[in-house]
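Below are two complexes that have chain A in common, paired first with chain B and then with chain C.
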Partner chain A sequence: MSIQVLVFYLLAIVSIGAAAGVVLARNPVHSAIALMVTFINVAAIYVMLRAEFLAVAQVIVYTGAILVLVVFVLMLVQQQDLPEFHGGRPLRIATGFVLGILLLAEVLAAILTRSLRGQPGPWTPDAVAAVGGNIQAIGRELYSAYTLPIQVTAIVLLMATIGAIFLARPETLAERIAAARRIFTISLGHPKGTDLGPIGELPAPSQAELKPASFTRPLILAKSADEFTEQPAWGEVVRR
Partner chain B sequence: MTHLTTAHFLFLSAALFIIGMVGVLTRRNVLVIFMSIELMLNAVNVSFIGFAWEQQALTGQVFALFIIALAAAEAVIGLGIIVALSRRLDTVDIDEVRQLRE
Partner chain C sequence: MDWIGLLISYIFGFIVLNVLLLCMAYMTWFERRVLALMQHRVGPNRTGPFGLLQPIADAVKLLAKEDIVPANADRLVFLVAPLLSFMLAPLGALVIPFGDSLTLFGRTVHLYVTDINIAVLYFLALGSVGVYGIILGGYASGNRYSILGALRSTAQVISYELVLGLSLVGIFILTGSLSLVDILREQEQTLTLGPLQLPNWFILSQPLAFVLFLIAAVAETNRAPFDLPEAETELIAGYITEYSGFRFSFYFLAEYINMIVVSLMASTLFLGGIDGPFARGVWWLILKALIFLFFYVWLRATLPRFRYDQLMGLAWKVLLPLALLNIALTGLVRLWGLGLL
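Now for the complex of A and B:
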């Protein structure tokens, strides 16, 4: 048994164990950490498969971007450890495991009886080395045969960005105006931020904290005068 | 099995995919379901790259690259939906979410 096979078994066992940890862990944060272990092990397996660029992309995109996003959302949605996540659904859990084992048996049978083999492609290790390496070879393939899919992927990413902005937007008009007011209050009139409460409850800022009164400029672009009537102007403090 | 074959990588891919599928089917926390979906996407990537390695072609790697890009887009939208869900219904339990409108 060569060292390569031993390394593969090590990586495979760790990644499968960590993947099981993702599903079995009670705390979602532990799931996220186990997922990170899985991703990094899978990246190492990509290196064994001579896909160096994808290994790097895997580490950067999955563990660097997606997992950080997941942990941020975990923080935002304020998880409490809900016991009903695990108990009380024996039928569903049994169904899930039975379906999983059935599908696993089918796929294993398919892998073991696989007989179709395609023609070997042009990218032998020597050919990849001749163009300069894995990244150069992928670049040639990507920007010759897959130019249109690349453009479509760019549009998909743009749509995802717009969709995320739309989803994260406050739902009602009043909430949107309140959010805008919070931001403008922090940035314009309020030296200490808004954590301490509404402006009226704070001690009056000293003269040093205020901008000079001579500096007059239209504060906020509001559609109607009513929207921002309580904003403090430069050099004065509004008391409610 | 004294040397690596494509079957090794396909077995690994199948195992990861099934684990992710069981996670989607059994867990109730939306975030864990989301992570299981990411796991399944990764398992498919292992298959693609394993076949690319076997065939000495780069098509599989290119497709894996597209999958990574689409997984990033999916992550953004999925997590946005989870945030909107928890803001509106104040839960991440998938069983609590059973109607399309209030």
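Now for the complex of A and C:
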């Protein structure tokens, strides 16, 4: 067992363990951290395959940019807003399990029978060393044979950036008025006062106190908060 | 498998790491003294001669403090996040050449821990992963001010990372390699500017890149005037709020190590590293790194803090276009010669 094989097994085991951690972790931020560990171990495996540029690109792009964005979003989402992770109907769980096993069987078949191995290309290690290294070889290929895909990728990224900027644009006044028109104010200003019971009867507001809402927002007078909300108001005693 | 070479690399790495930690501790002393003298006061001068034992006193104090973990905190991530920052910080010094190669007992001993052909990219990758120490620390504190501070700091770091990387592309064009040893070798050549024969240091052929790198480096290491995320008057202390005792010092010291490593990189990339008039050697590298470290402290003493939107606007609207302009200009000059580069 040479040292390379030992190191490879170590990296592979940690990668797979971390990948399992991504799926099994309860907390989504823990999943993201496990994914980071996976990415870095995969980058190390790339280094073992003498693809150093790919390894560093993996760390910079995947770990350092994409996963940071994922962690940003996960941090801003509260735990209770997320859909239920556990549970789900038994049929769904069973279907998922079966599909997972099928996928694993397919991948194992492809790996073990080596049926997906392609032909070696022109960039043998000698050819790579002849042009001066990995980066030079990648540069030569990318900017001569793959110029068009690079330009297309650049345009796709530009479209994504423009889309993001458009979605995050500040609202104009007209948009805000239109949005305000679509919502309405619920007022508990019933002429008889609120029905709070044990807290006590508040005096009924006079007609002069019921001012119309601004932006020509429609005003709805409700008798109790239960008609429109699920959460009890502060001080409200919920009788079931 | 070259076991002896590996052992030599390990020993050299061990030495580099220990020296780096010592320098980090005395960087705190250096900053406090220089900052104080610039502000017309004295700084620590009681503990030991000239206050030289102050870092040790600080370390003892911080170690003796109670370890507080907030009840709301995500315990495992809270404990790991400062360690992540602190562990990734010194790794950038592994690729810096500290001298020419020696021959000891018939073996060539290199005075760098490793010479990978993507050395500068490796340094940038460390900066990318170092963001996680901040973002996870802020998240794990369970305090909304910490999360906000961490988000701000992360956004700042990833924006200035871009500028950092792009400012160095001009050097890659001129050298044709990303290896620091090759970049040093390129800087040994002579640059003829009219009657002057100067060493081909990249500060002369890439002045715009130098300025951009310096600004981006100050912002990357969260130092003044870009230290909004950790300033005391903003969001309490940002992502460091809930950390006390030695965990706080992990973040704090990670920042100093980052400063030192960035100064070493800047000296190697732009000022020729170990190159100097009479004798090449590590002393020139130390002198140049000290100049950058002094510059860091000088900036802190002099400039007021940037507001967050000014900070981000500077990165995206000013520095990034300038970096792209630098790349275009360098490419053009290289392509058409003009007898310059």
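Going forward, the second predicted complex is superposed on the first by the 154 of 240 C-alpha atoms of A that agree within 3 Å, B and C clash if a C-alpha of one lies under 4 Å from a C-alpha of the other, contacts with A are read in each partner's own complex, and residues count from 1 in each chain.
The working rule: contacts are C-beta pairs under 8 Å (C-beta built on N, C-alpha and C of every residue); 3 or more make two chains touch, one makes a residue touch a chain.
None of the values given here were measured: they were computed from a predicted structure.
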Joint occupancy of chain A by chain B and chain C, clash or fit: fit
Partner with the higher number of touched chain A residues, chain C or chain B: B
First (chain B), second (chain C), both or neither touched by A:Ile135: second
First, second, both or neither for A:Ala65, with chain B first and chain C second: both
First, second, both or neither for A:His30, with chain B first and chain C second: second
Which superposed partner A:Gly96 touches (first chain B, second chain C, both, neither): first
First, second, both or neither for A:Leu54, with chain B first and chain C second: first
Contacts of A:Val73 with chain B and chain C, given as first, second, both or neither: first
Minimum distance between Cα atoms of chain B and chain C in the superposition (Å): 14
Residues of chain A contacting chain B in one complex and chain C in the other: 2, 53, 65, 76
Chain A to chain C touching residues, read off their complex: 2-3, 27, 29-30, 33, 36, 40, 52-53, 56, 59-60, 63-65, 68, 71-72, 75-76, 132-136
Contact set on chain B toward chain A in their complex: 1-4, 7-12, 14-23, 25-29, 31-32, 34-36, 38-39, 42, 45-46, 49-50, 52-53, 55-59, 61-62, 64-66, 68-77, 79-84, 86, 88, 92-93
Complex contacts: residues of chain A adjacent to chain B: 1-2, 4-5, 8, 12, 15-16, 19-20, 22-23, 28, 31-32, 35, 38-39, 42, 45-46, 48-51, 53-54, 57-58, 61-62, 65-66, 69-70, 73-74, 76-79, 82, 84-85, 89, 92-93, 95-97, 99-101, 103-104, 107-108, 111-112, 114, 118-125, 137-138, 141-142, 145-146, 149, 153, 156-157, 159-161, 163-164, 167-168, 171
Residues of chain C touching chain A in the complex: 1, 74, 76-77, 116-118, 121-122, 124-125, 127-129, 131-132, 135-136, 138-139, 147, 150-151, 154, 158, 161, 176-178
